[in-house]
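So, here come the structures, one by one.
Look at the two complexes coming up: chain A is in both, with chain B in one and chain C in the other.
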Partner chain A sequence: MGLLLLCLGIGWWLWKGVAAMEDPEFIIGPAAYYIINTAEETGAANIVAAILFDYRGIDTLGEASVIYTTVCGVAMLFSKSKYKRSSAGLSFIARRGVSFLVPFLLLYGSTIILMGHMTPGGGFQGGAVFATVTILLCIVFGSSFEMSRIKPKTKETIESLGGLFFVFLGGVGLLAGAGFLANTAAGFPRGQVGNFLSAGAIPLLNIAVGMKVGAGLSTIFYSMVRVLELEFGEQMSEVEGNDKN
Partner chain B sequence: MIKISYATAIFVFCIGLYTILSKRNLFKTVIGLTIMESGALMLIVTAGYVHGGVPPLIPMEGQAVNPLPHAFTLTAIVIGASDVALALALVIKVHRRYKTVDLDKIRGLKE
Partner chain C sequence: MTAFFAFVCVFLALTALVASEAEEVLSAVISLSVFGVLMAMVFVILQAPDVALTQAVINSGLVTSFFLVAYSQTQKPNLLEQKQDIGDGQ
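Let's turn to the complex of A and B:
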């Protein structure tokens, strides 16, 4: 009861803070600069993508390394568990349905990644869609099927390649003398705003981040589900042993 | 209208806070953490709204909303997903060690 009152009190306090705010009519500060100059300087039609991959590219590199650290942490915590058995998967109807859906999901994910500089979307979102495909395969067909189709080593390689590609694109800017992760200043072609081939390095960075996020989230899910199946299998064998006794 | 959005964000945040404070189950604590995170993200996105704004995509008709909070939210979503994954991994580890995820029972076992 006291906790509920405490939470209500904090909520009331926060509400008093935002209730005093006015509806802003215009934008000031760096955001106004980004809105005015994005088309000129980067050639990207999606201003959010331009901010993420051009103006604040180093931020995004740090963000990608957070995912990498998480994958390392999860893999380290579950390193000793050996893979024993897989779940049986779901019914025939679910299997047919998912195998019908997977090509469309792959198409959707690649669209989100490749059009990230023109429409809402980008590497993070498209990578999450790719990870969803592998998670669906894992749940519906069982994790041993998923492991046999997409090897964990392959996922690790894709993730590392994505990270290296990102840093390499940053290094191109450094070589051109324009600074780390420089875009048009480093000689990447700007193109026509709204065209598919535009915005310099932003589509390439989108692809790199997409590889990284897709493979990383998929690895996290796979190592967790493997451990859970292992524990479930142990409990099942314990139950069977008790039955015999 | 914008006040309703702020109120929703604060409401969701307080639900998450109450979940974290009151539940003893570690999984429920992690769920509360994600709910709190959603509230914070709603607050950030709402803070970028401009009266009568359009999405920040070229070509724009009229005043665009602030694109900076959107970029920050993308960053925060990814980091939130990462820390939830790590927290769940640690909870699984705790469950293997103590065979329970109840905080009170874990404390009882230690003494």
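Let's turn to the complex of A and C:
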């Protein structure tokens, strides 16, 4: 009972805080700086993308390397090279429905990535959409179909290329003498705010992060499912052998 | 808009309660998925569409599928007993 009251009290407190945030006089400090100067300094219409990939670019590199480390660990733990069985997949209706949906999902994901500097979204979100598409294919068509269409090696290559591309774009700023991951100061064209070709290196960094996150999450899911099916298949064959005996 | 926000918040608390208290794991997973979608709506209302996109894709897509894969690999004593009962009945 006391816990419930505590929860309600904290909820009420949060509610008041949310209501207070709509007041413009609470936009102070860094928030005010970003709102005033982002369009002029980076050329990005999406302030969040500008903060993620320009002002705090090295934090984003850290997040991307967290995902990279996770993928490496999972792929190392679950590294069985061969597997015998594949999941059967779902019914005909589910297969037709998903194959109708997949092109639209791919279009949605690439829109989120490519328009990340103008509209909400960016590399992480679009990459997660791509990973969801491969998971859908894996569940609906069976895992051997997904492996035959998109080889695990290709995914790992895409992920590593994304990471390398990100660091390379950071190195361009270093070469220009403006610091690691510098955007307009390193000579990337700023463009017109709101145009598709604007905001310097931010769209390129979005593409790099999208490659990384999409291939990485897909690799995690795929290697887990593969090993689970392997173990399940071995158990099944053991059970069948026992039955025969 | 405030009424809608309050409705979503109350429903959010309800789904979180169901996810933590439900005895069947599958109900808890589905409830968590609904929780993620509602959370994305809350983020949109609070004018954070970037976070809302991440929340919608990750929580209702990736996390749910991970949980379902994990669930499909665990032993389910209740379901097994039920199946045996049905088999005995036939």
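Operating definition for what follows: the second predicted complex is superposed on the first by the 217 of 245 C-alpha atoms of A that agree within 3 Å, B and C clash if a C-alpha of one lies under 4 Å from a C-alpha of the other, contacts with A are read in each partner's own complex, and residues count from 1 in each chain.
By our rule, a residue touches a chain if its C-beta (ideal position, glycine included) is under 8 Å from a C-beta of that chain, and two chains touch if they have at least 3 such contacts.
All figures in this text were calculated on a predicted structure; none of them were measured in a lab.
Chemist: Which partner does A:V193 reach: the first (chain B), the second (chain C), both, or neither?
Modeler: A:V193: touches chain B, not chain C.
Chemist: Report for A:I135: first if it touches chain B alone, second if chain C alone, otherwise both or neither.
Modeler: Only chain C is touched by A:I135; chain B is not.
Chemist: Specify the partner with more touching residues on chain A, choosing between chain B and chain C.
Modeler: Comparing touch counts on chain A for chain B and chain C gives B.
Chemist: Go through the superposed model and pick first if A:E40 touches only chain B, second if only chain C, both, or neither.
Modeler: Neither partner.
Chemist: Touch test for A:I10: chain B only (first), chain C only (second), both, or neither?
Modeler: After superposition on chain A, A:I10 lies in contact with chain B alone.
Chemist: Looking at the overlay, what does A:M224 touch: chain B (first), chain C (second), both, or neither?
Modeler: Touch status of A:M224: both partners.
Chemist: So in the superposed three-chain picture, is A:F78 touching just chain B, just chain C, both, or none of them (first/second/both/neither)?
Modeler: Once the two structures are laid over each other on A, A:F78 reaches chain B alone.
Chemist: After the superposition on A, what does A:G121 contact: first (chain B), second (chain C), both or neither?
Modeler: Only chain C is touched by A:G121; chain B is not.
Chemist: If we overlay the two complexes on their shared chain A, which of chain B and chain C does A:V66 touch? Say first, second, both or neither.
Modeler: Only chain B is touched by A:V66; chain C is not.
Chemist: Once the two structures are superposed, pull the chain A residues common to the chain B and chain C interfaces.
Modeler: Correct list for chain A: 11, 15, 18, 46, 48, 120, 122, 124, 217, 224, 228.
Chemist: So in the complex, which bits of chain A are touching chain C?
Modeler: Within the complex, chain A contacts chain C at residues 11, 15, 18, 46, 48-49, 112, 120-122, 124-125, 128-129, 131-132, 135, 139, 217, 221, 224-225, 228, 232.
Chemist: Give every residue of chain B touching chain A within the complex, in rising order.
Modeler: 2-3, 6-7, 10-11, 13-14, 17-18, 21-22, 48-51, 55-60, 63-64, 66-68, 70-71, 74-75, 77-79, 81-83, 85-86, 88-90, 92-93, 95-96
Chemist: Which residues of chain C touch chain A once you look at their complex with the stated criterion?
Modeler: Spelled out, the residues of chain C in touch with chain A are 9, 13, 46, 49-50, 52-54, 57-58, 61-62, 65-66, 69, 73.
Chemist: Which residues of chain A touch chain B in their complex?
Modeler: Contacts found on chain A: 3-4, 6-8, 10-11, 14-15, 18-19, 21, 23-27, 30-31, 34-35, 38-39, 45-48, 51-52, 56, 59-60, 63, 66-67, 69-70, 73-74, 77-78, 119-120, 122, 124, 193-194, 213, 217, 220, 224, 227-228, 231.
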